[in-house]
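Next, two complexes with chain A in common: one pairs it with chain B, the other with chain C.
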Partner chain A sequence: MPVTNKDILHWLQRSTQVLHENNAFLTQLDSAIGDADHGSNMDRGFSAVITKISGMQEADIGTLLKTVGTTLVSTVGGASGPLYGTAFLRAGMATAGKQHLEGAEIVAMFEAAVEGIKARGKAQAGEKTMLDAFIPALEAGKQAQLEQVPVTELLQRMAGSAESGMKATIDLLATKGRASYLGERSIGHQDPGATSSWLILQALADTVAS
Partner chain B sequence: MAVSIVIVSHSARLAEGVAELAGQMSMDEVTIAVAGGTDDGSIGTSIDKVTAALQKASNPEGTLVLLDLGSAVMVTEMALEMLDPDERQRILLSSAPLVEGAVLAAVEASAGSTLQEVAEAANNGHEMPKGRWS
Partner chain C sequence: MKKLINKPGDVVREALAGMASAHADLIKVDLEQQIIVRKDAPLQNKVALISGGGSGHEPLHGGYVGYGMLDAACPGAVFTSPVPDQMLTATHAVNGGAGVLYIIKNYTGDVMNFEMAAELAATEGIEVASVITNDDVAVQDSLYTAGRRGVGVTVLLEKIVGGLAETGAPLSQVADLARKVNSQGRSMGMALTSCTVPAAGKPTFELGEDEMEIGIGIHGEPGRRRTRLTTAAEITEILTNPVIEDLGLKAGDEVLAMVNGMGGTPLLELYIVFNELQRILQGKAISITRSLVGNYITSLEMAGCSITLLRLDKQLQKYWDAPVHTPALRWGR
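So, the complex of A and B:
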């Protein structure tokens, strides 16, 4: 069963709800190693997304995702604005005109998003950022696609790998973003960006599974 | 006409303060536009504010952009990508420290220097001594 544009809409709605519920948690993580605004920034950004896409039931997936990207860029405020904004814009370009996505197209969409985050943040794996959730998720997605597993399982595996990657950020030294100003003191804390990345990927897996 | 300066900061008050300081040095001969804080006035950066400041500063001689911290760079880069190529090539991003860079750039711009010269002057801010203790 492919992922439809309705699934994508429901994913965005679920992400908004999950980020709202985790507003305080994300801000708590960010207060340890950042500027204590990640929860409120993501909550504000996705609230704006929901308003923006409310009348877009018939839009194709690319149009939906590009709308998410431009909305996040102009509403999030922190570094997550350009990073998530670029990720969704690139994902939208990779899915332009599509009404549904098969496994290979989902993997291609996330590959475009990850490349966008790397380029925008001039970042790579292991720097205690959202990429430490997204890159393992993408690798898991590629492997699942090689094994030709159903889309629901592919997405579950991606979310699972994002969660492991997120937990692994606890032991990492931050070398990008505000947390890098803390140097060694950033070790021992879970990265808020990797956490919101996992929440969004888990929301997609849960949406398509239900 | 002089090269313009744009100040991008996470804080509206910081951006305005830097502009005030640099403006004093250039005796108001240089357009200094600011993009500080988010749209609702909290700490952060706004692509709409950056775009508006770039438009306000736009002139044939060019614009030097000075920034405070990390995400200001990303937001400014995104704003630049949305401009048409002719406009974009008249804009340079400076990695200079914000206060020193802005003051040096304002002085250089008010002398009628080119964008390249203004950018180089701002870069000298990296080596500006502040005291003997370091």
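So, the complex of A and C:
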């Protein structure tokens, strides 16, 4: 079963809800190594997204995701706004005109998103950022695609790898973003950006599974 | 959380509305777009200066909009970068045809959002130059960090470069002077207490009664190390020595010295720090020829201070002394 534009809408709604529920948790993570605003910024951004896409039931996936991207850029601020905004814009470009996505298209969509985050943030794997959730997820997605597993399982594996990647950020030394100012003291804390990235990927897996 | 607010979500908007009415003679505030613009903007054939960043550092940046300083400021949510839409709207509001200079403090979010705004402005054919301030010696400038943070020098830069822009100098000269000011100034800060982001509701970090945090930035983020609280004399040494060393200051040099409060420290204590700073510099035969003491770039209600030294020459001194009339800085006019 491919992922439909309705699934994408439901995913965005679920992400909004999950980010709202985790507002305080994300902010708590950000207090330890950042500036205590990641939860409220993501919550504010996705609330705006829900309003923006409320009338877009018939829109194709590319249009939906591009709308998410521009809305996040306009409302989130901080580093998360340009990074998530660019990720969704690139994902939208990769899915332009599509009403549904097969496994290979899902992987291509995430590949575009990851390339966008790398370019905007001038970052790579292992720097204690959202990429440490996204890159393992993308790799798991590629592997799952090689094995021709069903889309639901592909997404579960991606979310699972994002979660492991997120947990692995605890031991990483931050070299990008505000946490990098802490040097060695950034070790021992889970990265808030990797955490919101996992929440969003898990929301997609859960949406398509249900 | 004990704060003089109505609702955490309304803090920035209501403060902007207050600024608009308090300083209606100097600034216009667009509450919808969340930008502060100089009253007489756009000024034809004058390079326009725009800065911005998270709220919570007042008077930076909105308090520096006016004659001889900024043309516009874009405040974000508390400690959160503003968004490209704000910067682009501000660019349209102040562009008088001579180009626009973005003054950006070196934080990942600020840099990325201004970068996106500059890309958008360029597609419209507006000439934009950007300068990034990164004067905080507490951060190692290496491949392993996001680079030094922009702190105290930003205030001095906005004043000095604003002075030059007022003379009608072209964008390239204005941008060059901005880079020069940034390269000649360094800062270091410390905290006695943390601060509370209104939306978070509790202090960003905890500091014991007998502890202080050395090398803090301006966002309530922890610093480089936590040590036992000591005297103003010793704290001033701890902050000043790395600044002197990094700038390579030597006997005979002249500096502008700023002792900046983080928001929760009384002027009485800031003057004690200035006195110690004067003593340290005098001991090295470095003369303070210009000074600024007060709350100029803050971190909400954090107690603590930062020290900024800017190596002065005739050009920098001339534009520092030039008239300025903004809500937070005014002389000569």
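FYI, the second predicted complex is superposed on the first by the 210 of 210 C-alpha atoms of A that agree within 3 Å, B and C clash if a C-alpha of one lies under 4 Å from a C-alpha of the other, contacts with A are read in each partner's own complex, and residues count from 1 in each chain.
Note that in this section a contact is a pair of C-beta atoms (placed from the backbone, for glycine too) under 8 Å apart; a residue touches a chain by one contact, two chains touch by 3 or more.
Everything numeric in this text was worked out from a predicted model, so none of it was measured.
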Is this a clash or a fit when chain B and chain C both end up on chain A?
clash
Answer with first, second, both or neither: which of chain B and chain C does A:Arg185 touch in the superposed model?
second
By the touch definition at the top of the document, which applies to A:Arg120: first (chain B), second (chain C), both, or neither?
both
What is the contact status of A:Met56 with respect to chain B (first) and chain C (second): first, second, both, or neither?
neither
Taking the superposition on A as described, I'd like to know which of chain B and chain C A:Thr175 touches: first, second, both or neither.
second
By the touch definition at the top of the document, which applies to A:Ala79: first (chain B), second (chain C), both, or neither?
both
Is A:Asp37 touching the first partner chain B, the second partner chain C, both, or neither of them?
both
So the two structures are superposed on chain A. Out of 21-29, 129-137, 201-209 or 219-227, which stretch of chain C collides with chain B?
129-137
After superposition on chain A, the chain A residues reached by both chain B and chain C are 35, 37, 41, 73-79, 81-83, 120-121, 176-178
Touch list for chain B against partner chain A, complex
38-39, 42-48, 69-71, 74-75, 77-78
In the complex, chain C residues that touch chain A
54, 76-85, 107-109, 112-113, 115-116, 138-140, 143-146, 149, 197, 199-200, 204-205, 217, 219-224
Over in the complex, which chain A residues touch chain C? Could you list them?
27, 31-37, 40-41, 44, 73-83, 120-121, 173, 175-178, 180-183, 185
For the chain A and chain B complex, residues of the former touching the latter
35, 37, 41, 73-79, 81-83, 85-86, 120-121, 176-178
